[in-house]
Amino acid sequence: MELKLITAIIKPFKIDDVKAGLKAVGVDGLTVTEVHGFGRQRGHTEVYRGAEYEIDFVPKLKLEIITNANQVDEIVNALVASAATGSIGDGKIWVSPLETVVRVRTDERGSDAI
Amino acid sequence: MELKLITAIIKPFKIDDVKAGLKAVGVDGLTVTEVHGFGRQRGHTEVYRGAEYEIDFVPKLKLEIITNANQVDEIVNALVASAATGSIGDGKIWVSPLETVVRVRTDERGSDAI
Amino acid sequence: MELKLITAIIKPFKIDDVKAGLKAVGVDGLTVTEVHGFGRQRGHTEVYRGAEYEIDFVPKLKLEIITNANQVDEIVNALVASAATGSIGDGKIWVSPLETVVRVRTDERGSDAI
Amino acid sequence: MNTTDTLWVILSAALVLFMTPGLALFYGGMVRSKNVLAIMMNSLAAMAVVTVIWVAIAGSLSFGDDLGGGLLGNLSLAGLAHIPSSLPGLSGVHASSLSVLLYQMMFAIITAALISGGTTDRIKFSSFVILIAVWTVAVYAPLAHWVFSPTGWLAHRGVLDFAGGTVVEINSGFSTLAVVLVLGPRKGWPRDSMTPHSVPLSLLGLGILWFGWLGFNGGSSLAMNGVAVSAVLNTQLAAAAGLIGWLIYERTTEHYATTLGAASGGVAGMVAITPCAGFVQPYAALIIGLIAGLACAKAVRMKFKLGIDDSLDVLGVHGVGGVIGMVLLGLFATKSINPAGADGLLQGGGFALLGNELLAIVVTASFAFGVTWLIAQAISKTIGLRVSEEDELKGLDLTQHAESAYSGGGSGRFSS
Amino acid sequence: MNTTDTLWVILSAALVLFMTPGLALFYGGMVRSKNVLAIMMNSLAAMAVVTVIWVAIAGSLSFGDDLGGGLLGNLSLAGLAHIPSSLPGLSGVHASSLSVLLYQMMFAIITAALISGGTTDRIKFSSFVILIAVWTVAVYAPLAHWVFSPTGWLAHRGVLDFAGGTVVEINSGFSTLAVVLVLGPRKGWPRDSMTPHSVPLSLLGLGILWFGWLGFNGGSSLAMNGVAVSAVLNTQLAAAAGLIGWLIYERTTEHYATTLGAASGGVAGMVAITPCAGFVQPYAALIIGLIAGLACAKAVRMKFKLGIDDSLDVLGVHGVGGVIGMVLLGLFATKSINPAGADGLLQGGGFALLGNELLAIVVTASFAFGVTWLIAQAISKTIGLRVSEEDELKGLDLTQHAESAYSGGGSGRFSS
Amino acid sequence: MNTTDTLWVILSAALVLFMTPGLALFYGGMVRSKNVLAIMMNSLAAMAVVTVIWVAIAGSLSFGDDLGGGLLGNLSLAGLAHIPSSLPGLSGVHASSLSVLLYQMMFAIITAALISGGTTDRIKFSSFVILIAVWTVAVYAPLAHWVFSPTGWLAHRGVLDFAGGTVVEINSGFSTLAVVLVLGPRKGWPRDSMTPHSVPLSLLGLGILWFGWLGFNGGSSLAMNGVAVSAVLNTQLAAAAGLIGWLIYERTTEHYATTLGAASGGVAGMVAITPCAGFVQPYAALIIGLIAGLACAKAVRMKFKLGIDDSLDVLGVHGVGGVIGMVLLGLFATKSINPAGADGLLQGGGFALLGNELLAIVVTASFAFGVTWLIAQAISKTIGLRVSEEDELKGLDLTQHAESAYSGGGSGRFSS
C-alpha cells in the first residue's frame, strides 16, 4: 500500500478542534511542531521605549501525519473542515509521497508501522 | 545519484545514542527539531488548583537526514537500532524522495552538497 | 501545474536578508521553524562549576516554501544568494515533490492555494 | 515622634510596597504567556494610580477627622500637606503620622492590585485603571475609615481587625467577584486549557509576598513592641500551617501535592491570620492557618461548579480566607497577647467579639460587592470593560500594550 | 552612636545593595537572550570590585579628611581600619561612621553597575572590570567628595543633593555616554530587531529597584527622623508620577501604553526625586516625577536621531532625569521640610540655590564625561574595549563566559 | 526589652526568611527544567515543616533550659507559649526572647532547605519531608544547642561561631553528603549533560541570598551595636572577595570566568564569613572571602573524581566554606572588634581558640554526617528515599507534583 505524508499549517488555537476532527476519521497518530508563518495574514507591531518593530511572523502549528494513500482525501477534508475559521491565515495543507515508514519499536515497515 | 530525505521521530533522551549510531554509519550531518507527538503512548495529567488537564502531547525530537539513496537502508537500520527502547512511543521513521540538494555556502548540488 | 516543496536550512541571523531575497523573486509565503543543526560547523563549549559540555548542535532556521515547479530554480538561486556568508555552516537546501496543496480557508487546491 | 516606632512603620511600608510586584509575579506566572505583561501592568498601575489618589484624597477620607457617625473622614489630610502629630483617634501611636499614612497607602495599593487576579486575560487596561481609581475612593477609603480609623463606626463598635481581614481580604475578594460577574468568563473557560505559563515565577512571587507579609501584619501594631513580635511570628506560623493544610487537602482528595497548591496554601494562611496576627497565641495561629489552607483549597475548586471565572481565585483565597480569619478571631482573640484587644469565645470573652466580627464580615462583603458592582456596570455600559474577542484571542500583551513578554530576538522572533 | 539611626542606615545600605541585582534583572530582561548573563555579570562585577576598591581607597578619598580646597579626601580611612566616631564634616550624624561608609559603598556599586546599561552586548568583560575599577577611584570618589562630604567644594558652596542626583544619576548618565562614544554602536543597530528577551524579568527588576530606592533616598538623611519619612514618601510619589508621565507620553504620541514604559517611567521619577527627596513637599514630588516621566520618555527617543547607541538609555533616563531633578530642586526646595536645606526659587529663596544646582550639573556632567572618556580611550587603545565581531554575533554569554542563559537539557540542548 | 534591638532581630529574621525562596531560585535555576518545581518545593516544605517543628519542639530543644552537660535543652519553651524575658544564658540580650526564637527558626529552615541541593532530581517528596522533619529534631536542634545557646557544651568551652559556620554550614554540608551517599547519583551522572536550565534564575537567587545574608550575619549580634555593623560590613566584603576568588580560580585554571562561578564565589565567601562576621576586622574578611572563593571553586571540581553526585555542591560550598571560616576564625578573631570574642592565633591569642574551632569542626561534621546517615538509611529501607527510574527520567515536577514548570498554553502545550 502506498504511503503519504500530509503536512498541515494551522492556527494554534484550533489544535483541539483539529485533533477531534482527525480522530473522527481514524487518525490516531501525528507529530506537531511550533512554527512561525509568513503570508497574507498581517503580523503586528511591538514597541519598546519608542523603537517600533514590525513582526510579520505569526505563530502557527505544523502537523505531520503519515497515512495510507487511500485515506488522504478523507484526512485532508477533515483538516480543512476542522481548521478553517474563514479568516486570512488559516493555513495550508500539502501532501507528499513517501517510500517507507518504519516503527522504531518493532522495526515494522509500511502500513503496519503507522 | 538519487537523494533521499530520512525523517525520524525519537524519544528525546535517546539523542546521544542515536547520534553515536549514525556516526558509526557515516552520517555527519543532520537537523533536529523539538516536536510534540501524539500516538499510542499515553501522556500525563497536570493539575493546577484543582483543574485537571490531560496532556496527550509527548515531547519528541525530529531528525532530518539527507543522504544518497544507497545509504538509506543502513541509516534506517542504525536509527532503529539506536533509538529503540522497546516501549511504546519509540517513534517512526519515514523516507521521502528528493529532487535536488544544494549546499548554500558553495552552491554545490546533488551528492556533493551533503 | 506541478508543485514543489523547497526546504532550506539557514543561519538565524540571515533571516531578514533571505526574506528580502525571496520577496524579490515573488515568494510571499513561507513557514519557519527553529531547529538545531549538526554538521561540519563546530559547536561550542559551556562550563558550569567546572563541568564542561561540548555542544555540537548549532541553532539554525528551517524555511519551507511551497511553490510552482517552474519557480524552483529562481527561488533556490535567490536562497543561495541571500543566505550564503561563505563560512562553514551556511546550510542546505533541498527540493521535494508534492502531490497536492490546499488552502485551508477556501479549500482551493493546487497552484491557487499557494 | 518615637524614632524606633517610626522606623518599624517605614520598614513595614517598604515591605508592603514590595508585595505588589510580588503579587504581579505570583499572578503573572499563573496566566498564559500572552497575558503576563497585562496582568503585571495592572499591579504597576495600582502602584502609580492608587498612590496619587491616596495622597490627593483617599488617605484623608480614611484617616481624616470623622465627618460624623464614623462613616468617612474629611479632607483635612488631602495632599498630605498639613499632617497633625497624631491622626484622629490614634493619639496612642508614637510613630510619625506621615509614616502611618505612607504605610496605609501601601495597603490600598495591594488591595486594588488583587482585583486583577479575577479580571485577568480580558479586562481593558484603561478600564482597569478607571475602575481602581474610582474604587479606591468609593470602596476602599470608606472601609478603611470604618475599620482602621478608631473613629470609624465598626472600629468604634469593637470590631477587631489587626491588619485588614475586612479592608484588604474580604474587600478584595468580594469586589473582585462583582467585577468578574459583570465581565463574564474568559473565552473558552473552563473548556480550554489555561495552564500557568511559569510556575517558578509564581513561586518567586510567593516568596516576596511571604517576606513582605511579615511587615504587612507586623507593622500594624504601629509600634515596635511585643504585639509586633507576636504578629510577625503568627504570620510565619499561619503561612506554614496554611501551606500544610492545602497540601493535605490535595493529597487526601486528589493524590498529589502541587507546588502551586503549596504557594496558594501559604497565601491562604497569611490571609486568614491578617485580622488575627496581633491578637492570638502561636498555637491559635497554627490552627487558623491550617483551617484556612484546607478551606481555601476546597473553595477554589467550587468556582467550576458555580461557573464563575474568578480566574486566579481572589474570592476563593482572599474572600474565603478573610472570612475564616475574622470568624476565628472571634474565637481565639486573647488579651494576654494584646491588652488593647478582646477575649474571644474560646478565651472566655463570650459572644460579643464574635458577633462584631460577623457583622464586619457581612458589612464588608455587601458594601464591597455592591458598590464595586455599580462601578463595574457603569464602566461596562460606557467605555466598556472588556477587550474584543479577537484581542482576547491574540492576547492582551500584544493588543493592549504592543509588547511580547518573551521574544527570541532576530526579525523580532528568532534568536540570532 | 545612636542605635536607631544606625539601624536605619544599615537597613538602607541593605536595600541599596539589593538594588544592584535588581538592576541586573531590569537590564537583563531588556537584552537579547544571548547577552543576558554578560550584562548581569557586569552588575555582579560591580558588587565585587567596587566593594574592594571602596574599602581599600575610594571610601577614604570620598569621606576622608579633605586634602585641601574640597577637592579630595585623604587616605585616613583607607582599609576601614581606623574609623573616627564621626566623619569629617558629619559631626551632626549620630549613626555609626562605619555604617555610613557601608551605606555609601552601595551607592558606588550601583553607579558603576549602571554603566553596563549603555555598554551591553559588546563590551569585553575584562575591560569592563578595569573600567569600573579605575572609574571608581578617578571619577566616582572625587564627585562623592565634592557633593556628599560636607567638606567638598560643591557641598561647601551650598549645592544641595539629597541622595545623588549628581554623584549617581548625572554621573552615570554622562560617564556612560563617554564609554558608548568610544565603544561605538552594536553591530546591526538600529536596523536589526533587538527586542527585550524577557519583559517580566525587567518588571521584576523594577520591583526590586522601587523597593530598594525607598532606602536609597530615605537613608540619606543618615538619621531616622521626619526628613527620612519625607524622603521615603517623596520617592514613592515621584515613582508613581513618573510612571504616569511616561505612559501619558506614550499614549498621546504613539497610541499605546507599554509595561516597559511604565517601568521606565517609575525609574525616571525616582531618578529625578533622588536629589530632592528630603527637601521638597509631597505635591512637588508629584510634579517632579511627572515632568521626569514625560521628559525621559522623550529623551530616550532621541538617541535614534543622534545615532548614539546608549543601549538601555542610561543617559536618557539617569542623565536627563538627574538634571531635571537638580533643576527642579532649585525651584521647589523648602526649609519647611528640611531646615538644613534651603529655599528654592518658587519658595522665595531667590536664584541662589538654582544657580548652585546648575553649577553642580555642569561640573558633574563635564567631569564625568571627560575623565571617563579618557579612561575608556586608554583601555580601548591598549587591551581593547570591545569583543570581536564574531563574538558579538554569537553573543557574549557564550564567548565571554562559556555559558548559555537558558538550556533545554539533554545533549546540552534538548529537554529530556 | 530594647525595642531597637528587637527591631533589628525581627528585621534580620525577615531577611533570613527571604533567603529560603532565594535559595529555591538559586537551586531551581541550576537544575533541568523537568525538576525545577520539585527542588523549589523542597524549600517551600522546609519553610512550612521546619516552622511547625521548631515551634512545637526544636526551638525548645535548642534554647530551653539545659538538660545537663550542655547536650540539649528541655521542653520549657515548647509551643512558644511561655517565654521567659531572657533565654537561658542570654541575659545580656535585650531583644525580645520571642524575636530571638523567631530569628533562630529561620536558620533552621534554611539549613534544612540547603540539603535539597544535594538530593535534587531524584528524592521522593514525601521522603524529603520526613527526612527534614526528623533531622530538625535529631541533628539541627542538638547542634544549635551546643553552639548557639551559651549553655551548650561547645559554646561553654569557648568555641566561637558568630552566625552558624558549624550549625548551618558544616552541618548542611555533611548532612547532605550523608543523604547523597545513601541516595546514589542521578541516573546518567556524570555522563549526561545536566546544564542549568536558567542561569538568570540562579543569579536572582544569589541576589536575594546576598541581601538576606546581611541580616543572617548582622542579626547574630542580637543587638544593634558596633558588632552588628561590623558583621554586616564583613559579610559584604567576604562576598565580594569570594566572588573574585572563584573567578581567579576559573580564569587561571580554565581560561574563562563564568557567571555561575561568580555567584558561587559570592556564596562561598558568605559561607566562610558566617562564623567570623562579628569577630574579625575588614581586612581579614577580605582574606577569608578570597580563600573561600578559591578553595570552594577547587572543591566543587573534586566531586567528579570522588564519584559523589552532590548535585549542587552543598558539601563543596557550605561544608568546605564552613570549615575554612571556622579555621580562619581561629587565626583572625580579635577582641578589638568584639570584646565578647577572643583573640585568634595571628592576633596574639595563641592556639586556644584555634583548637576549639577545630574541635567544633570535627564534632559538627561527624555528628551531622553520622546521625543524618542513620535517618537517611532508615527512610531508604522503609518507605524508600528515591523515585523510580521512570519517574526520574520523566522528571520530578510531573511525577511528584503533577505540574510542568513552563507551559505554552493551548492543549496544555502550545501557545495560543
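The letters A, B, C, D, E and F name the chains in turn, as written, and every chain counts its residues from 1.
By our rule, a residue touches a chain if its C-beta (ideal position, glycine included) is under 8 Å from a C-beta of that chain, and two chains touch if they have at least 3 such contacts.
Please read all numbers here as calculations on a predicted model, not as lab measurements.
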- Message: Applying the touch definition from the top, give me the chains sitting in contact with each of chain A and chain F.
- Response: B, C, D, E
- Larger contact count among C-E and A-C belongs to A-C
- List the centre-to-centre spacing of chain B and chain D in whole Å, with centres computed as mean CA coordinates. 51
- Centre-of-Cα separation between chain F and chain D, whole angstrom: 33
- Taking each chain's centre as the mean of its CA atoms, chain A sits from chain D at a distance in Å of 45
- Going by residue number, chain B touches two or more other chains at 13, 16, 19, 32-34, 36, 46-48, 53, 57, 96-97
- Task: Two or more other chains in contact with one residue: find those residues in chain D.
- Result: 4, 7, 11, 192-196, 198, 204, 208, 256, 258, 260, 393, 402-404, 407-408, 410-412, 414-416
- Query: Can you name the residues of chain C that touch chain F in the complex?
  - Reply: 46-51, 53
- Note on the structure: Counting only contacts in the complex, chain E reaches chain D at residues 4-5, 7-8, 11, 15, 32-34, 192-200, 203-204, 206-208, 210-211, 214-215, 218, 224-226, 228-230, 232-233, 236-237, 239-241, 243-244, 256-260, 262-263, 266, 281-283, 286, 393
- Item | Interfacial residue positions of chain C with respect to chain B in the complex | 4, 8-10, 33-40, 57, 60, 62, 72, 76, 79-80, 83-97
- Touching chain B in the complex, chain F uses residues 192, 393-394, 398, 402-404, 407, 411-414
- Contacts from chain D onto chain B in the complex sit at residues 30, 190, 193-196, 250, 254, 256, 258, 260-261, 264, 297, 300-301, 304, 313
